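For reference, the structure is listed below as structure tokens.
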Amino acid sequence: MSRLQHVRVSFRKQGFMRLLHARISRLEKGLVEISASNRPELSQQDGFVHAGVMATLADNAAGYATLSLLPPGSRVLAVEFKLSFIRPAVGQAIRARGKVRKLGKTIALCEIEVETSRHRKWVSCAWGSETVYCDIVKSKNQPVAPSERPYSRQT
Amino acid sequence: MSRLQHVRVSFRKQGFMRLLHARISRLEKGLVEISASNRPELSQQDGFVHAGVMATLADNAAGYATLSLLPPGSRVLAVEFKLSFIRPAVGQAIRARGKVRKLGKTIALCEIEVETSRHRKWVSCAWGSETVYCDIVKSKNQPVAPSERPYSRQT
Amino acid sequence: MSRLQHVRVSFRKQGFMRLLHARISRLEKGLVEISASNRPELSQQDGFVHAGVMATLADNAAGYATLSLLPPGSRVLAVEFKLSFIRPAVGQAIRARGKVRKLGKTIALCEIEVETSRHRKWVSCAWGSETVYCDIVKSKNQPVAPSERPYSRQT
Amino acid sequence: MSRLQHVRVSFRKQGFMRLLHARISRLEKGLVEISASNRPELSQQDGFVHAGVMATLADNAAGYATLSLLPPGSRVLAVEFKLSFIRPAVGQAIRARGKVRKLGKTIALCEIEVETSRHRKWVSCAWGSETVYCDIVKSKNQPVAPSERPYSRQT
């Protein structure tokens, strides 16, 4: 199983993604985008997309962006994330992107962004960062050297 | 309508809370707790409660904890939140608490915490902070003086 | 006095910038960079640049990047910032950049980044975000409309 | 050398703490407080204590609060921190407290708070959280079991 297939298999196990009708709309090494159609079930009190929906998709995108870089069998866990809300989220669709900015031996730092579309124009609604813990499986082909710090030092 | 009723009315307008089967389980001035039963629809890939569910309940609890202190008709908007995940969230139920640590003229700072219960014992799973923007309605009875800074200065 | 001059005048009032021997090395509308030479007085226990030095320069760069967009006489206040540390900060010089990602009526969101240089090559050491409160002076020439939300809505 | 001595020895190696005239004012297992006298060299443009000074002391307090729980010879590294500013920091003295909320096998989560004193009354000025990476030395007497996740699971 490839690293990208590994992401898809894990994604399908998430009951919460099914509840949100969310799907992976972009999958590259270190970059994952997750999308959902907007509907009344995702709204907050003023009819906007709920901040929790945005946070959910963004967190998931960051985790899978990290997992896409690790050997199959590895696992990722969110350590923390921070998300800033820039605009009320309105529109027909919503998508969140996670991008790995730095992959260390045990910790990855991701940039997260959420957009909504109105009349096919995407607008940024939220932006932030997530720290992901990497539980990297060790294989004969892809040995992972032990390290005493979370981020590898520059060479 | 009182400030606490105002919170309940707003909560019932949230489609996303209905999707999560979430309810307000505690409501005091400056402190709100939101609870939900755990079920497969809220899970991530390993069967734990999804980080997005925790973030959703925590964000909502912070917003309503702030709203509970404002005159009815006021509105709140999340500016940003940060949530750290301490333990895998397992158990039959989940609850999130938002507590206002500082209420200024336009900005409130809340502490957020998420717990899950196993066999009726509650364990902390996530903890963090949220900044809430307050759009305070001005009334004759409850005048709000204009201020040039987000937090009121100590006297 | 122009907006950029306004930034320089404010910067010179900061006793802490003098203690750090810091200077503005880049000043554009919405983008400010602050630099300092590395020296033993800025170190933590392992000889790296102290995380507090990085946070100080980054916070300042964000505040002044915001101020550079406001009418002279306006003031800025940090609401909160989050900074992630990517690599041990080593080298002869350090610089921090603040860039405004979104300017609303009362709140700005900035991206912050810190780099150090070794042998004239700059490497990213820390990255994050800052929320800035804007106390915007109202003038006849640059009226600022009252708004009920921190970020202006998209048109 | 005890764990608390280990903290003091490390603290004395920090050039930046000397520049700030900062000292450890409280040292317990899992709780460290660092203090400094206010002076013009620590100010921002309005004469308040610079946010960078608060961040520096808070970050350091969190790191050493974590180190106070680890076997001597271990090292700590800040992964990230977030600090919210509640009030303008004025007064004769400043102190920051770091408290470990959760210590895992490789990651600790700390609460940070900064106070200033006016006329001997301490007032909270900033509050937030810090993630610390623990590079734990392994000894025969204090074995550290390998773990596949950053926080130990509850039993």
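For reference, chains read A, B, C and D in written order, and residue numbers begin at 1 within each chain.
The criterion applied here is as follows: a residue touches a chain if its C-beta (ideal position, glycine included) is under 8 Å from a C-beta of that chain, and two chains touch if they have at least 3 such contacts.
Please read all numbers here as calculations on a predicted model, not as lab measurements.
Q: Just to be sure I understand the contacts, which chains border both chain C and chain A?
A: Common neighbours, chain A/chain C: B, D.
Q: Which rotation angle, from 0 to 180°, best lines up the CA atoms of chain B with chain C, given as a multiple of 5?
A: 180
Q: Rounded to the nearest whole Å, what is the centre-to-centre distance of chain A and chain D, using the mean of the C-alpha atoms as each centre?
A: 30
Q: CA centre of chain A versus CA centre of chain B: separation in Å?
A: Using C-alpha averages as centres, the distance is 23 Å.
Q: Roughly how far is chain B from chain D, centre to centre by C-alpha average, rounded to an integer in Å?
A: 28
Q: Where does chain B touch two or more other chains at once, residue-wise?
A: 75, 77, 79-80, 82, 84-85, 88, 128-129, 131, 149
Q: Quick one: which bits of chain B touch chain A in the complex? Just the residue numbers, please.
A: Contact set of chain B toward chain A: 10-11, 13-16, 18-19, 39-46, 50-53, 55-57, 59-60, 75, 77-85, 88, 128.
Q: List the residues on chain B that touch chain C in their complex, please.
A: Residues 75, 77, 79-80, 82, 106-107, 129, 131, 133, 135, 148-150 of chain B touch chain C in their complex.
Q: Write out the stretch or stretches of chain B touching chain D in their complex.
A: Against chain D, chain B makes touches at 82, 84-88, 101-102, 109, 123, 127-129, 131, 149, 151, 153-154.
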